[in-house]
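Each of the next two complexes has chain A plus one more chain, namely chain B in the first and chain C in the second.
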Partner chain A sequence: MLALALVLTLTPGAGSSPGWRPGLVVLRTALLTAAPFWVFLLVLHDVTTTVAIGLRITTMVASFVWLVAALEPARLVEAMVAAGWSASLAYLFGATLSAVPVLKARAQRIVEAQRARGLSARGGIAARLRALRALALPLVLSALHEVDERALALETRGLVPGIRRTPLAPPPDTPVERAARWALLLACLFALFRRVM
Partner chain B sequence: MSIRLLALIPVAAAISLALSAAVDAVALPLFLDTTGTILATALAGPGVGIATGVVTSAVNTLRNPTFWPFVVVQIIVALYAWVAARAGLFRSFRTAVPAGLGLGVIASLTSTPISYFVFGCTTTGGIALTTALGRALGLPPVGACFFGSFVSDFGDKAVTFALVTSVLRALPRRTAARFPWALRAIGAA
Partner chain C sequence: MRSLTLEGVSFWYPATDSPALRNVSLHVARGEIVALVGALGAGASTLLLVAADLAPRVTGGRLTGSAARHDRSGIVLPTPWTQASGMAFSVWDEVAFGPANLGWPTHEIARQVDRAIEQLELAPLASRDPVTLSGGELQRVIIAAILAMDPGLVLLDEPAAELDSDGARTLWRLIRRLAKDGKAVLLATSTLDALPEVADRVVWLEDGAIRAVGPPDLLADVAACDAGLGTSVATVWRTSGLPGPYPLTVAHALRRWR
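Our next item is the complex of A and B:
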């Protein structure tokens, strides 16, 4: 399974440039993400346990790193809607993915603004907690004030819960891909069954 | 679910994930990654809170795949926050901080089996190091794993509860009134 996951990282998907280079970057990301786990496992366990858990974690990390490299969130949302999933569910996932970088950038601006006003993040724990409050409160309150604007925008675009939408450009889904998905699901259930029994 | 509550979920989930920038700025060993879940529960009830927790875990998983099994912790946090909100524990810091400490114990009890059996207690660098400290203190493997989770969760959840209380107190009444449970959580209804 690990070998399969690592080979998959070499094929980051149709959206990236051709050749081996993007795949090698994804493989390197997977290995660098998994490396600290091996170090901590070695600190906490013997070699046999380290190898057993380390291989499992590396497989998990490599699979997800490949997934992130191969999958565009916007395409995922389109595919979910095309497959009959609720548009609201697709929105939850897509909107969070796009909101995180926006709020992180705002948090950074708040940090700089508060520093310019003389906020110091040094000193004891109480002083740091007060500084954290001064940074976190404006971020959370400004984000909550946005909820109404977002709700209005969703209503204007007809994203009312319970209404089925038609995707503009659904990703192609061939019978072979559908069969492969079912086969993978069955393989997972079989592996789980063998593990439990 | 109303459209306003649907819009609240991604905002609350993004709050949980974006607060790391504020935490980095003050260099405190905190995660605050359940802030959005607790806030959404206090504002809009357990359904919205659980949805926020699941979305937070799903999006966090894309950054670090080891987060997904801990989605159970987010769900338990939402349920606990719901009980705390109904009991009026967000109305003052004197009740919110002990409630957060209680959640810290419950969250570490929930995350310990996942961390131990799936990851061998190596989920994040900080927890792995405190687990190693627990081993050095002579604790058994599962005990050291709980020690690691407890040290990181105990203070984190207390600060998170205090932060949510601050937000609820600072929220203008007009804004709070737009969420079904907010006024009750702050004791204004």
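Our next item is the complex of A and C:
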């Protein structure tokens, strides 16, 4: 599974632009995210167990990072609505996937604003910690503030529980894709059954 | 025919003791444009949230008095970047987000979206990704998105704040056209100079309560000018020490001067 995840992350066009670079960025993000888990595992377990659990965690992280990089949240929402899911639930999934790039862009703006006011993230650990605090506080506060305004905006734009949204341009869902989905679900159930039995 | 009727409305935000609105009574008729003016914190934005049935239903808090809405409302909030759905590939999709949520058939969605895009002069931007737009462009997109839902009661909170002067002029013309088409418009704005040409009535809010209601001439009133709520012409006239009553617009000033 890890091999599959890594292949997918390195697939040209895994990100939003063609070529290998987006895939490498995704892979680097996945490995950096999984790295702390490896450290903790190594502290707690022997090498064999660390490798066994670490590979599973890395597979999960790589799969999720690849999903976030490759899947347009808007397409997911359209596909879920077309498949009969609740629009609110579909939006919840889509908004969760789109939260990472949104927060990243906002963090970048905050860093630029802090730099313009003379705060440098370079230097020793103390300087970096000061810069981190100057980033984290406005990032968290602005995200919390935006949640309120976004709730009002979505409500006024008709995204309320119980609506029957009209799918505008649902992505095509071929019989092969449907069969692949069922096959994956059955494979998961089979693996679970084998594990339990 | 009334579109909105507020009777003795007071409203408290959660965990606050003093009301953001105090005993406000106001009605807005179809085809009428009512402008809310006041200092920061006077309660104009809160009044719009109550009119949109978002306060206290979504914001929480407590409301006394009665608020009756006779038409479906649509509200444009002051920060366009928090109102984008984040689920659109293009401006057209962004404008269609609301109508699609209403469950309309696709041909009706396309008709309303095309009409709103034309009203806001957004056709050249229709295929652009919303995240690449400037603040003013996104503001126009959000206004189009609300109008595409065909609300009978249009609520606008500082709609010209992000717009350049051309964009603002287009917006004020559009608001007049909306009223002519029978929509009720309630707007909060600090762009006071536009109101003599746009608003039918002006409501002056102070500390959550209505201090005065009247025609746009109210913005040349001595008390309004003292409170910083006069038009530029009235304010300059007053600052120059010229005698009242103060002229409201440049045209009025010219007539007085001659």
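Basically, the second predicted complex is superposed on the first by the 120 of 197 C-alpha atoms of A that agree within 3 Å, B and C clash if a C-alpha of one lies under 4 Å from a C-alpha of the other, contacts with A are read in each partner's own complex, and residues count from 1 in each chain.
Just so it is clear, a residue touches a chain if its C-beta (ideal position, glycine included) is under 8 Å from a C-beta of that chain, and two chains touch if they have at least 3 such contacts.
Keep in mind that what you see is a predicted model, and the values were worked out from it rather than measured.
Of the two partner chains placed around the shared chain by superposition, chain B is the only one that A:Ala136 touches, whereas chain C remains out of contact. In the superposition on chain A, A:Arg150 makes contact with both chain B and chain C. Applying the stated contact rule after C-alpha superposition, one finds that A:Gly158 touches chain C and leaves chain B untouched. Once the two complexes are laid over each other on the shared chain, residue contacts for A:Val25 go to neither chain B nor chain C.
In the superposition on chain A, contact of A:Thr166 is made with chain C only, not with chain B. In the overlay built on the shared chain, the residue A:Tyr91 is in contact with chain B and with chain C. When the two complexes are overlaid on their common chain A, residue A:His45 makes contact with chain B while staying clear of chain C.
Comparing chain C and chain B on the residues of chain A they touch gives the larger count to B. In the superposition on chain A, A:Val61 makes contact with chain B only, not with chain C.
Annotation: chain A residues 91, 95, 102, 146, 148, 150-151, 154-155, 159-160 touch chain B in one complex and chain C in the other. Residues 1, 3-4, 6-11, 13-15, 17-23, 25-28, 30, 32, 35, 39, 51, 55-56, 58-59, 61-62, 64-66, 118-122, 125, 128-129, 131-132, 135, 144, 159, 163, 166-167, 170-171, 175, 178 of chain B are the ones that touch chain A when the two sit in their complex. Listing the residues of chain C that touch chain A in their complex gives 49, 52, 54, 58-59, 73-75, 77, 79, 82-83, 85-89, 93, 96-106, 109, 145-146, 149.
Residue ranges of chain A in contact with chain C, taken from their complex: 72-74, 77, 87, 91, 94-95, 98, 102, 146, 148-160, 163-169. Residues of chain A touching chain B in their complex: 33, 36-37, 40-41, 43-45, 49-50, 53, 56-57, 60-61, 63-65, 67-68, 88, 91-93, 95-97, 99-100, 102-104, 106-108, 110-111, 121, 125, 128-129, 131-133, 135-137, 139-141, 143-148, 150-151, 154-155, 159-161.
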